[in-house]
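Next come two complexes, and both contain subunit A; in the first it sits with subunit B, in the second with subunit C.
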Partner chain A sequence: MQAYSGTNNTGFIHRLDARTKMAVAAGVSIVVVCLKEPLPLALIGIMGFFFLLSTGRFRLMALAYLFIGLMLITAAGCAIPIIKLLKGSDASYADFLVPFLRIIATMNVVLAMALSNRIQGMLSALKSLRLPLFIYLPTSATIRFIPVFMEDVRQIRESLKIRGFHIGVKSLFLHPILTLRLMFAPLVIRALRSADDLGMAAELKGIGLTTSSTHHNPTRLGFRDAFTLLFWVLLLGLSLGIEFGPLKEMLP
Partner chain B sequence: MIRLHHISYRYPFQKEFAIKDLSLSVPAGTITLVTGRSGCGKSTLIRLINGLAPHHFQGELQGEVGVCGSPNHSCSVGEIATRVGTLFQDPESQFFTLIVEEEIAFAMEWRGLPPEEIKARIHEAAAITGIEHLLEHEILHLSEGEKQRVALASVVALHPKVIILDEPTANLDPEATRELARTLDALAARGTTLFIVDHRLYWLKEVATRVVVMEKGRIAVEGPFSILEDEALRKRHGLREAHVENPIHTLPEPPDDSDGIAVSGLSFGFPKKKPLFRDLSCRLPSGAVTALVGPNGAGKTTFIRILTGLQASKTGRFTLRGTSITPDALLKESAVVLQNSDHQLHMKSVRQEMETAYRFGRQQGPFTVEGVSSHLGLEGLLDRHPQSLSGGEKQRLVIACGLLQGPSLLVLDEPTSGLDGNNMHLFAELMETAADAGISVVLISHDLELLSRVCHFALHLKQKAPHTVERPQRRHAS
Partner chain C sequence: MLNTLTPPTRYWQPGELIVIGIFSAMIKLSSLLIALTGGGMNPLSLVLKNLVATSLLVVLVFKVRKFGVLTLFVTVSTLISMLLDGGNIIRLPGALIAGGLCDLVIHFSGGYQKPGALIAGVAVFDLLSRFIALGLSWLTMREQPAMVMVASVIVALGYLGCLMGLFSGLHLSRELTHAGVLRHE
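For the complex of A and B:
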């Protein structure tokens, strides 16, 4: 079961440990906040694009980029006239592009992680981080219930269709409270019940009796993970070097 | 092994005691079956033994509960869990991971057991429950019977002295039920004490050491399994049958000339999976109850989803009373009662739920809100919020809503999984009334007692080469 349901690929990115992809996503997210120049951001964005491309989920990629493109066009409609009007100020087209480059760079690696990680891989990664039980248990339960939640949404939509209720944009505008209640009341009740059941199940399994835990089958990072981490460390270092370090003269 | 001494227990904010002055002693290595009508206190008894009552549910407890010589009131639920394992009715609600091996290991890891011991216990529990071949599988892709065995293995691996099972057969097919009985017998032979609460009785005939029948929070009768042979006793306490013949092989196929819904030339398979149906043709007669039977994975739910347009299919021709109809149009003529009642309750009160079902339905047929609520024992609950009802009451409410839609096709998926004998018979009577009104009633159920009681025909879906199978004789006149 993948974090975002899809095909069962066995490519390079799918064989990476979930911790590697989480580290890449976290690293990119932090570095792009520090960068303000389009060139290093574009460099990360392009490499991230190939990272995402390797998941093989082209349709979803196209949808994500279409969404970003629509945002860009909408923003350009407002920003370009203002930049033209303020000719004497410091505002430039590059400044306008920077937030979008940040979004694209982050989206590429986060989406690549979500589309290629199996939920069990994320659970194993969480376990190997040796977090305390009070953090690990709710986090892992949340992740473990992603596919169950998606199935619940599908079943509720179907049960409404069976009963003759047509839930859509039109009903949301005409009867917003009723529509939200029809959809969310069963979901909330189901979530509360699942939480209660899981809480009882944890108690009945004797979890929390001891403060230490063991791992019967610990996972180790492999050569692929080391290679990927090294590549991204070098790339992020290069980007920071271009903006702040000795490579600054590369900038136009 | 288990000792309850003059126990009375009352839930918070309740006037009535759920358990009243109950004393019970269960010896080690035995299998005890506890049964009784809905609301008699069976679930509370389980909670008292595993410590959830009063530690989790709070409430007022009088008397003493002890397991393996230790009183429960002086231990936490976690400490009691080192001696008592509990298997829930819905195994999925107690899973914390998605892979079988990880799930069995989960509690042991958090109890800090050494990795080598965990590995040994995983293989031991898998061998006892017969799931060695499933250790690397994803839990969500398993059948209900396999999930039940995984949940049992995760309990067995913790080496409890007592295992409590809450309606373990509610979602199991006959073969998985037989397999579970064999596994429980093997566990009892190893010295484990088994305490089972269930409405279905027949499957424990060969293995139960003792039967306890409860009524209004007290033990009404106890003795060997043979006490359940007494029909008067079963009727008095709203119990199900002690023996059930499997009717699946004696029910006839729906006749080719029957009126109702006809399907022909249906081929379907999910992407990258083996085809489920190849050129399937069948009929669902009106005025009759048809059982849709087959092993788990045969495509029973998928067939109904295609028939009602919930699952798109490029093939197949559908007719209703001789007139061609699309699955989307057939959905408007149908009521489908799904297994999970929580998903189907949306309104603020039971009355509103039923009235809405009637208003959005075809407003035809013999059923009225008053009539159905009275027949299904819901008349006293009309002003309650649907989600505040018990599991059995919710199940009856979604069935009532299905009937009130006034459909031409009524499909019910495991409608009686949590119902006692009385409610099962009330449900069967309603199905007969629906059939008498000309509705095509389709039951997807593993409840042999229900199928035997109410079905006229059986439509068999086989796992690899699905088709209808002709059966030798007709059981009931439609």
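For the complex of A and C:
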């Protein structure tokens, strides 16, 4: 994910405001649940695929598709005998087209958002949403804590390696409880200490007092955001029109 | 004059909010780490990642003993899921209801000072979260209920890990309190 890796891309989707991407993801998630026909779902899925392509992170995209594909094939493979057992009728992978399309259409847009968001962009977006402090502060603490956590994991793994204990697939399967205990007990202690330190620092800085903070560089929605939002509103409207409205005759 | 200089008392202190944020990150990343180390969707890593997530959630409610902690946790967690790992926004209303109900369970089963009430609240929270996940699966795959049945088996296996996590979380919280690392906010 972009937030974890910190790469710097300047493509179309990377220049979009995080609020725009959030709105697109929310809109698509809601609309695909209402749709039942393959054609409108495929339309959203294809446009979502191009949206995802514009992130330029092809390796991660391929991995995500491989993972989802394997998961769906496994799930359908387990479901086919159940259908045969319950209904006594044969089922094939083609019967799973609509649920698969729904999952892929949603995945494309939410993955596009996740792969193109930068930590600073997310924090600015959260600030610009004018969320109350009790939501904004823990959310930004979560985002800021991710690199610290990764570093803690690395350090603990290295210290365990020095003592002759290698954390990996083998140790997780052979000694699951010991592995978890060795890994997570120090992580929890470090996290609690970090939380105490950050909490005290926040108190001393006067975070959450009556005066509201001023924005050094306020984020505004631009032409790109307006264009993207308009495009997705029209596309979702068209899909709903094909499913429920006057365009229903287009369906085979 | 003195009153104007005294800062207003807030329900949530910054320290508590930061603890909630840090634990949201830990729960999310630990689950991800175990799933990746275990090689995806095998039963053992499924149980283990839920065990760790519930244990950490128990430590969180032992640390921040305040009405609304679970509601705030799910709000933050769902927002982060949406921004970072492609979580679905339509989970939010159900998750908020689950969080609120579980806070009420803790409140009415003895309050936030009783470990038993906290454990009961987390157990109900895990159960409701699983039902919401299944509800979302049904919405997505309603044309093929057999796939929801497959998802139910996976969710049930995950809940087994959660039940184990309740005990390990209680044990971990007691150890951390004894060591002086876990102090109530």
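Going forward, the second predicted complex is superposed on the first by the 223 of 252 C-alpha atoms of A that agree within 3 Å, B and C clash if a C-alpha of one lies under 4 Å from a C-alpha of the other, contacts with A are read in each partner's own complex, and residues count from 1 in each chain.
Definition applied: contacts are C-beta pairs under 8 Å (C-beta built on N, C-alpha and C of every residue); 3 or more make two chains touch, one makes a residue touch a chain.
Predicted model, so just to flag it, every value in this text is computed and none were measured.
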{"item": "Partners on subunit A (subunit B, subunit C) - clash or fit", "value": "fit"}
{"item": "Partner chain(s) touched by A:Ser159 [first = subunit B, second = subunit C, both, neither]", "value": "first"}
{"item": "Partner contacting more residues of subunit A (subunit B vs subunit C)", "value": "C"}
{"item": "Which superposed partner A:Leu198 touches (first subunit B, second subunit C, both, neither)", "value": "both"}
{"item": "Which of subunit B and subunit C A:Ile83 touches, first, second, both or neither", "value": "second"}
{"item": "Which superposed partner A:Ala185 touches (first subunit B, second subunit C, both, neither)", "value": "both"}
{"item": "Partner chain(s) touched by A:Ile207 [first = subunit B, second = subunit C, both, neither]", "value": "both"}
{"item": "Contacts of A:Val169 with subunit B and subunit C, given as first, second, both or neither", "value": "second"}
{"item": "Which superposed partner A:Thr106 touches (first subunit B, second subunit C, both, neither)", "value": "second"}
{"item": "Contacts of A:Ile135 with subunit B and subunit C, given as first, second, both or neither", "value": "second"}
{"item": "Subunit C, subunit A and subunit B - angle at the middle CA centre, rounded to the nearest 10 degrees", "value": "70"}
{"item": "Subunit B versus subunit C - smallest C-alpha distance in the overlay, whole Å", "value": "5"}
{"item": "Doubly contacted subunit A residues - partners subunit C and subunit B", "value": "1, 133, 137, 140-141, 185, 189, 193-194, 198, 200, 202-203, 207-210"}
{"item": "Residue ranges of subunit A touching subunit B (in the complex, touch as defined)", "value": "1, 119-120, 123-124, 127, 133, 137, 140-141, 144, 147-148, 152, 155-156, 158-165, 181-182, 185-186, 189-190, 193-194, 197-198, 200-210, 212-217"}
{"item": "Residues of subunit C that touch subunit A when the two form their complex", "value": "7-8, 10-26, 28-30, 33-34, 37-41, 44-45, 48, 51-52, 55-56, 59, 63, 72, 75-76, 79-80, 82-90, 139-144, 146-147, 149-151, 172, 176, 181-182, 185"}
{"item": "Interface residues, subunit A side, partner subunit C - complex", "value": "1, 3-4, 18, 22, 25-26, 29-30, 33, 36, 67, 70-71, 74-76, 78-80, 82-83, 86, 91, 95-96, 98-99, 102-103, 106-107, 110-111, 113-114, 117, 122, 126, 133-135, 137-143, 145-146, 149-150, 153, 167-169, 172-173, 176, 180, 184-185, 187-189, 191-196, 198-200, 202-203, 207-210"}
{"item": "Subunit A partner contacts - residues on subunit B that touch it in the complex", "value": "50, 52, 56, 77-79, 81-82, 85-86, 88, 90, 92-99, 101-102, 105-115, 118-119, 122, 138, 140, 154, 158, 308, 310, 331-332, 334-336, 338, 340, 342-346, 356-357, 360-361, 387, 401, 405"}
